[in-house]
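The structures considered in this document are given below.
Both complexes below contain chain A, partnered by chain B and then by chain C.
This part shows the complex of A and B:
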């Protein structure tokens, strides 16, 4: 064929049209990823918790992306992570940054105070907010699309109190708690539960944020001669130090604590000083579903250490899987549609148990009381709010 | 004492008199204000605007600390507590009594100033690290009060639903709109600080900073001026606290810790402690630095720490001192060497 101007234009036009139509099919254009925001506290005094959240999310995404049957429309998950650090203002900055990153849902930090600080911004964006913050108020902030994937302090506080009074036959109950939103909120729940039983705490001590010595608070509790001490603490390192000091100051009464007493890191650091203590936790190894067993195995294989299932990685892992299931079922990632779907969640099996959404967005309605026996948690009983 | 009538804007040893700056200085300031006023027209990211707003508010806190430490030489580690008092005063008045935001801001300033007076008076006999220890104690007590006075502060749950300011039906409910309130407040505070510095009060504070005994010997009422410095530092922090409360709409005691006071002190030292522009620069730099370093993930804290150490070691007069040195070097005439 002679190459004149007419032929040249016709040939190049045909090639261009063919390329425009066929190119994506030929090369298999990569599907657009589903961008999921996470805001763990990766630095500061709560970095232990944040690292666990990071690991839980990364494991879930890795598994989901490796299984085509779990991925909606062949679109892989992509995590966009910003550090919430240790203060509210930085958490809000991290959130504002994420909101500019085209994410379809956000897994919030586990610290309730940060969740509450972020609430004014959250209210202006209708996307799913998955939280592990247990302060009762978190789901009452008027944020559309807020879902809690752990038992609230209402359930935990009531469960701990009932266990101390009814099972441990406590008549003089003392409370030791952190002075952050988590600690104060939990202690308030305990006081309310005691009131319902016609009781008042014989001591109610709180320690300041970032304290490293708890002698004064423990000795004051000891002076009140309680027969059970209830502890409401978020930070695993605080928990470990307190348990060591309780032991060295010979406060020899049953201890019933919030989930941090069952935190893997806290139990390892406290060692023998934590033996015999009780805690209300979201999860106990050995009493779990196939989902939980798979999670534990995969987590250990990937990270070579055990997860802090309840406070750290388990709820984040569940959050990512729940979103993946929802996107697949509703055949889309539209945030408003996702919120509606999540509100309808019933009997969804996850690592932390069976999830069902109530009107406020609470998805977990019971916790377990476990006892630390030689460094391992053993189930004592299940309690609900 | 021989007082220096010249204006010192950028460091204790560098005079920036009108004769030196010439007519170009007001023009430069006017251009800078115009550029700043146009910022929201070019920056549309809520993330960036929220950072700018917060940086401006922190600049006000640090300017207040600059009056106390930079001008008067009184070391305080309670600036976060004054910030908290301002924030809670404004938050309480608007959410409990239904006050509008504007008078609440004035009340927040006054409340923090009064507390500054109450703290400054008993601390008059103290100086140096003893004064620092006393202010640390005051800061910790304040945070404990905010946590435990639940009927007023709502305890650790914090105070929410704090309304944004409004003029008529125009509500300052976005970061872009709020920026103008912050900008006006920063400029007003900088002007007041500059006026203080150039008047008898500023020179008296400077004399006290350099040698209190000598200052007293020349007839300066050191007690009175030190109290004035405490009151002004409190008022600045109170205004900033109120601005922060109406920006974030939620406040909790966690934000007003000793750690935060240390951050404000570092901002001032890095910027240049005796300089108004240094206080602003230090606050802006140290608030933005962790954000700029976000891509480094958890390693950012190492780089941030190293950067702060390097700034303190290699820039003993702060950023403003460095800028001054550079300006002197580049503007020096060859025959002047």
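This part shows the complex of A and C:
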């Protein structure tokens, strides 16, 4: 058919009329998805953490979309993912890109340093920001709608310190930490907790980003002759290498670490060098709810490996489910309404425990102290903030 | 802080071990620079990629392209296999990244090496994933204890192998025709060609040799580092600094520069501050360059210019 002016008008008229009377019902059969933004570190030296975040989000979305009782208005979740790579600038660029994608909430990268770098942009957008970054400062940045789904460094640092001093009877405490926002923030919390107990660390060593030889730091700590060493480190690979070097340099004192010491990857890579160490973690297999058991089973079925629950996949899985429950309950996805609903969260059961929001947006208020016994983490005690 | 001879000995061994790795990788930089006049920014991936290949054949189970494979071949056989594969890799690198661009100036070649570096890192993540992987060591024990001194046998192996390689390097360059041809090509390619040196072949051999130096570095350091896609980049950065301190283009300079950076950063971390260890290394680098802009052993570069 030749497309002259008459045919063109007839065709467009027919299309317009069709659209007006019947097509919306047909097109509308596929409801508009709920677009959820995520910014994991998919490349760079923290790609492992990013991969774990990606896996947690993907599993939650797959499950929710398959369950009519979880999906609000029949609208499936759709993940819009941008790579935060390994530096703050890239995280901010990824965030800016994501904000143009019509997302209703954003799951932030787990690295606190990136969360803090993104804060100036986050302040200008009133949508829910779900974070697993544990630096205390993250929920004090003045970002409306910031919610933390893991125990903060305040709880973890105090829990580690109290365990070292009261349970392990430590009188000379040394600290080894990373030089990023996570490591520095955590070490500060430990120093503050020690101060409350009338103590000071006998050594407080930090290592530079991307370091692979820790001989100098470990020997300095050894020279201070501590009876307990507290480690505050995010990267599972760094954690494993440090534990190997601690072992080879015969620093034979109890080690109590941040959640990365209980990270599945760190425990596998460090092997026997991690045996006997303690850690403050969000999650210990075998001591959790039905939600956690379901998560572990589904995760293994989908990915054929165990999840890094606390630092990696569990909190992201919880974040997506919490948003889904909120949308369903409030019958809408309006970001401001969602923030108000999330602020009212009380006793919500997730993989990492029971969540209740406080005024700052902290949802988790306790961590567990675990011990690595022959490669498996065993619960020693629960500590609350 | 009191003087502790045991701690100093441990720092020295550790510093020399890491310095040896920097020196080997710096040698790779220098050899390629001398042969073709460009910095190979994929030198770090010459360390990382063979390490991944080695763990693929060494471990009882490893995930490759999402599928678990079970090779677990004997360690010495795997080392030899990886070295053979990396000969092919060096030739391929020369053929793809350098050869087609050799007459277009240094910039396209440098960009090409950066491109290969990014490609190999992304390829490693795609093939082996993001999990750090432990490479088994040749030794059954992690530490040898002599009184209060605790030394890793892997550190001693690194220092020993590096010493042998440096001796081999001097023998190759001073005593063999091939080495003399490599030196002639490094000094003046046009004249070398006039006196019958097959420059293209020598350049290809240089790429292979450089890839093998990276491979040996990777196999030596991986049991200490764990294998990750970033492992080569971290070493290459320090090795590049080492080759500048030594005098870019100078073989003794690369060795001395590498060892110096390894030892300085270890002792600096212990006696000054581990938080600023990189800053300390780079302050020394800048200080050396202020006093001797051509580096510690930079005469040959000056002669070339």
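For the reader, a short list of remarks on this structure follows.
Please note the rule applied: the second predicted complex is superposed on the first by the 357 of 385 C-alpha atoms of A that agree within 3 Å, B and C clash if a C-alpha of one lies under 4 Å from a C-alpha of the other, contacts with A are read in each partner's own complex, and residues count from 1 in each chain.
Heads up, the rule we're going with is that contacts are C-beta pairs under 8 Å (C-beta built on N, C-alpha and C of every residue); 3 or more make two chains touch, one makes a residue touch a chain.
The structure presented is a predicted model; accordingly, all values stated were derived computationally and were not measured.
Aligning the shared chain A places chain B and chain C in steric conflict.
In the superposed pair of complexes, A:116 makes contact with chain B only, with no contact to chain C.
Of the two partner chains, chain B is the only one that A:100 touches; chain C does not reach it. Once the two complexes are laid over each other on the shared chain, residue contacts for A:271 go to chain C alone; chain B is not touched.
By the touch criterion defined above, A:250 lies against chain C but remains apart from chain B after alignment on the C-alpha atoms of chain A. Within the superposed three-chain model, A:92 lies in touch with chain B and out of touch with chain C [touch as defined at top]. When the two complexes are overlaid on their common chain A, residue A:43 makes contact with chain B and with chain C alike.
Of the two partner chains placed around the shared chain by superposition, neither chain B nor chain C is touched by A:203. Applying the stated contact rule after C-alpha superposition, one finds that A:181 touches chain B and leaves chain C untouched.
Touch criterion met: A:82 reaches chain B, while chain C stays clear of it. Of 9-17, 117-125 or 207-215, the segment of chain B whose C-alpha atoms clash with chain C in the superposed model is 117-125.
In the superposition on chain A, the residues of chain A contacting both chain B and chain C are 43, 47, 179, 206, 208, 210. Against chain B, the residues of chain A that register as touching in their complex are 42-43, 47, 81-83, 85, 87-90, 92-93, 96-97, 99-100, 113, 116-117, 119-120, 135, 137, 141, 179-181, 183-185, 206, 208-210. Only residues 43-45, 47-48, 50-51, 179, 205-208, 210-213, 215-217, 219-220, 222-223, 236-237, 240-241, 244, 247-250, 265, 269, 271, 273 of chain A touch chain C when the two sit together in their complex. Across the complex, chain C meets chain A through its residues 1-2, 4, 7, 10-11, 14-15, 18, 122, 125, 129-134, 142-143, 145, 150, 152, 224-226, 228-231, 234, 265-270, 274-278. Partner chain A is touched in their complex by these residues of chain B: 45-47, 50-51, 54, 140, 143-144, 147, 155-158, 160, 248-250, 252-255, 257, 259-260, 290-291, 294, 297-298, 300-301.
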